[in-house]
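Note sheet for the following structure.
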Amino acid sequence: MDRAKIKKELEKLAAEGLPAGQPQEEAPVVVQAEGEGEDKAKAKAKKEEDVPRKNGLIETDYAKRGAHLDVQINPDQVVKAAELLDSEGMTIDMVTGVDWIKEGQFEIIYDYSYTAGGPAFRVVVRARVDRNKPDIPTISHIYGGANWHERETWELLGINFVGHPQLEHFLLPEDADFFPLRKDFKP
Amino acid sequence: MSSLAQSQLRETFELNIGPQHPATHGVLRIKVVMDGEYIDRAEPILGYIHRMHEKMGENRTWNQFWPNMGRLDYLSAIAYNHCYAGLMERALGIVVPERAEYIRVITAELNRIQSHLLGFGAYIMDLGGFTPLMYAMDEREQILDLLESVTGSRLTYCYFRFGGVYNDIDDDFITGTRAFLKRFRPQIDLYHKLVTGNVILMDRLIGIGPLSPEICRKYGATGPVLRGSGINFDIRKNEPYSVYPELDFDIPVYHECDSMARYMVRMDEMGQSCRIIEQALNKLPEGPVMAEKVPKALKPPKGDYYYAVEAARGMFSMRTVSDGTNNSYRMRLRSPTYSNVSLFEEASRGMLLSDALAFLGSLDPVIPEMDR
Amino acid sequence: MNELIRLLAYMLCIAAFLGLNLAYLGWVERKGAGHFQRRTGPKEVGPYGLLQPLADGLKLMSKQLVVPANADKLIYMAAPVLIMVPSVTLFVAIPFGENLVPREFNFGLIMMFAFASVAGLSILIGGWGSGNKYSLIAGTRAVSQNIAYEIPMLLTAINIVMISGSLDLNEIIRQQGSYIWNWNVFRLDKSILMPVSFLVFFICSVAETNRTPFDMGECEGELVAGYHTEYGGMGFGLYMMAEYANLVIGASLITILFLGGWQSPIGILPGPHWFLLKMYFLIWVFVWIRWTFPRTTFWGLLNLSWKYLIPFAMVNLLLTALFIKVI
Amino acid sequence: MSGYFKDIVTGLKSLVVGMQITNKEFFTKPITLQYPHQSVKMYPRYRGHIELVKDPETGRNRCICCGMCEKGCPSGCITVKSEKKPGVKGKVLTAYILNFTTCSLCGQCVENCKPEAINFSNEYNLASTRREDYIFDLLQKLHPEGVPEPEVDPELLKKEQEKEEAAKKAAAEKKAAAAKKEAAPKAPAKEGGESKAEEKS
């Protein structure tokens, strides 16, 4: 595992995924989020919070967030990211879906970590899909462990993992026709 | 013989192992396609005890989510408490007094021994030996008594709080724990003599259920399963939390990659936990057990937070997405058995039925934690 | 007429002996299990739980007999009875004392083995008739186990037959004199491997009676309850009783063939009390083994039989033949 | 070949060692505790269902009916019912209903309770076949022989009565004034005045 290489490659990936019209200077947002000028960072963070985050890589403070790298990429790039991290010997921890109903988006968070010994290294890969057409390619052919996690995310949030071998009901009963973790779910 | 003729001759049948089956320790169901005594395909089916803890996390306030932590893995609930406490302390920036951290470690390790004891006993019972379970239960009862005297409950602990622990330990607990350790160490030798050295058991475990480090990595297996495959990875060492860096202990690793290796990792971990407890008791500082500045209304800043601990069955981690209100926007729980059991389908192909169940037992699944 | 009365009396005695044994061996097993496991075992019903078998029996008898929907009703109902019949019949041939034998056969040993194999058959049809996949697997397992273990068992039994030159159980006992060193276990002058032979026979008996570590047919960790998964009430009760009846027969057979039956180990007072003492000691060892060891796999069981027991039995057979011919 | 015999010897030896251990255990005393005849040792910190604490000075509960326990409870199993009684400071507890079927014994209510009015009981021997048996009124449990009347502070009572009378007077005056002001039809002001008085009492 090469931390610098992973960082560089992911940065590149995130930059590739930016919409064409966007000015290049803004592209790879490398923010040393929590540093000395905390107030400044806070103010900045506040500003950023209101709009959805742009694609890019953030080197997060491990002590505050629990992750080392945090990268947001386009949904069609998750397979590339998975292949990259797989070749570096990383493990998939979990796949999480978040329903950002106000923005009309689902966020899919992939947690990767390094479990082959040595100090821990955690990478968070995020991708956002449209809430009305929640399609994202599966990574279960790269990581067998992602299979169940994706299945669960589909079941609870309705995110469609394109190419997943078995998107069937898993935790919920077979006849469940609802997605309980969606924010507009009414029991 | 052509392959077509072969496939016609081959007659398979489906067998449902569980949800009510003695070897699954709960309501796990495995749909097995059998070819005689051999397994063609085994598909675990989950969800029989699914309670949607993640949704509860969204509906309850941060404090109200506490009791849920005791109900995921009911055998090592204190580690789960530890994870939630650590997560929120990370999010809120609370500094925990040192005494509280030591108490957390002591109780968590006692809980780990207790969990491994039950895992050991139940595993041997899966293999047909009833007696070791009862011996393990005897020791486990001592631990439960000790933990009951501090936490007030015997199984579903809800003992930790943001910024410390619910109440302090007393001298009775300390002397009781020391006495227990003194009594427990010879018992481990007894287990080894009675069980580990037994030729029948060795025959059943050695070489059964091989798991390469690669398959462990692909499926995100952690804990004794990973360490039984020769990888030295333990959150307590590799991503130290609490006061573990100040304590001296080893991580047992076995390179055989079979069920016996996983079993031995658990047995050795009990001894290491004893070492940790002993040191922690010696080092136990005086002082408060709750941080002074814990806000009444908990509102962690926006953003998401991640925290991982080493539970008895592997890495338990939580990711929470906070939107700055007094409950979580999204709570994600990563349970170790979920990942560990997900490799069962691939690894069990072509095994004998009895070997497959020995292999499943060596993964030590706890069903409520998988189903969440 | 006299003979008829004698037979009737014996039948009554056997029934009483059997009934007591079958009921109280269950108690012994549970009590033993309890104490082996730092527990107390049955305690509440009667002093030391001695009335427990009665309570168990009453409970089992008062239960409804349920036939599963896809079971073969006739076979399902017949199997538990069928497993009891040979076990009970075999008591006719067991010589408890020199003159205390219901019916002396001069082919008693053959009869023993012949009837014992019926038990395997009834396990199979019980498993098959239940219409449950677990039971079916258990049934087939039990049969192949019986086949695998009858071979070394018979090979060692032939040893004894060669030594004593008779198939009559009483005659076999008579030929082993009083005093320990005259028993077949220690008759090194007939073959130096006799103690090994005893061990082989003992292991085979454990397997034949379907007890841990060889309870492939039951296997509660894998096959739920094996061949009697679908049985409840007295059907289950009969299976349970048959297990203990087989246990008594197995222990008796070892006693007869190797431990000198009713012969006294110290040369005085030969009689049925020695027989019972030896038999119950063996039963106790069976119980002890059951609560100590885990279960082998089906594979390991066949391995043990073909790789260890059968070669040893063969070698012993050759040695015995050699010893008898040469010495 | 030597490995073959070695396997047999070590295998048999391991079996004998195992049997020795169980044999030894057979002759040691069982550790079973005969539960209904003997009872387990209970620790003071044991968390049974919650109970109201009896104040040793007054012999009554300490509850101030703030409802913090009710709010903090994750499973919503507590219902506090209270009313205002004349001459008593604060509200008076009339019923404290715990639905034990949903309680998870987490201790949030005990922690949230400022006046330390509730605590864990040591009761573990709860068994019933009816669900209703687990809906406790803790107030009744605290005072099985009947809930004592709250202590009436005469000064406070006097003050309150005065206040009430004053309020009544004011209302009456208002009413009279309103009536005087518009001897003609309308009545809405009158209604409003009345309801205000009711609220105060």
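Labels for the chains are A, B, C and D, by order of writing; each one numbers its residues from 1.
Keep this in mind: a contact is a pair of C-beta atoms (placed from the backbone, for glycine too) under 8 Å apart; a residue touches a chain by one contact, two chains touch by 3 or more.
Since this is a predicted model, take the numbers as computed values, not measurements.
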{"item": "Third chains touching both subunit B and subunit A", "value": "none"}
{"item": "Chain pair bearing the highest count of C-beta contacts", "value": "A-B"}
{"item": "Centroid distance [mean C-alpha coordinates] between subunit C and subunit A, Å", "value": "65"}
{"item": "Euclidean distance of C-alpha centroids - subunit A vs subunit D, Å", "value": "45"}
{"item": "Computed distance of Cα centres, subunit D from subunit B, in Å", "value": "34"}
{"item": "Junction residues of subunit C, two or more chains touched", "value": "36-39, 291-293"}
{"item": "Two or more partner chains touched - positions in subunit B", "value": "131, 135, 138, 194-195, 198, 200"}
{"item": "Residues within subunit A bordering two or more other chains", "value": "none"}
{"item": "Every chain pair meeting the contact rule", "value": "A-B, B-C, B-D, C-D"}
{"item": "Complex interface listing, subunit D residues touching subunit B", "value": "10-12, 14-15, 17-18, 21-22, 25, 31, 41, 43, 45-47, 72-75, 104-108, 111, 120"}
{"item": "Contact footprint of subunit C on subunit B as seen in their complex", "value": "13, 15, 21-23, 37, 124-131, 134-135, 138, 194-195, 198, 200-201, 203-204, 352-355, 357-358"}
{"item": "Subunit D to subunit C touching residues, read off their complex", "value": "8, 15, 18-19, 21-23, 25-26, 28, 30-32, 34"}
{"item": "For the subunit A and subunit B complex, residues of the former touching the latter", "value": "45, 49, 63-67, 89, 91-94, 96, 98-99, 109, 111, 113, 115-120, 122, 124, 143-145, 147-148, 156, 169-173, 180-181"}
{"item": "Touch list for subunit B against partner subunit A, complex", "value": "45-47, 50, 52, 54-55, 58, 87, 90, 93, 213, 215, 217-222, 226, 231-233, 235, 238-239, 302-308, 315, 317, 319, 321, 329-330, 332, 334, 338-339, 342-343, 346, 371-372"}
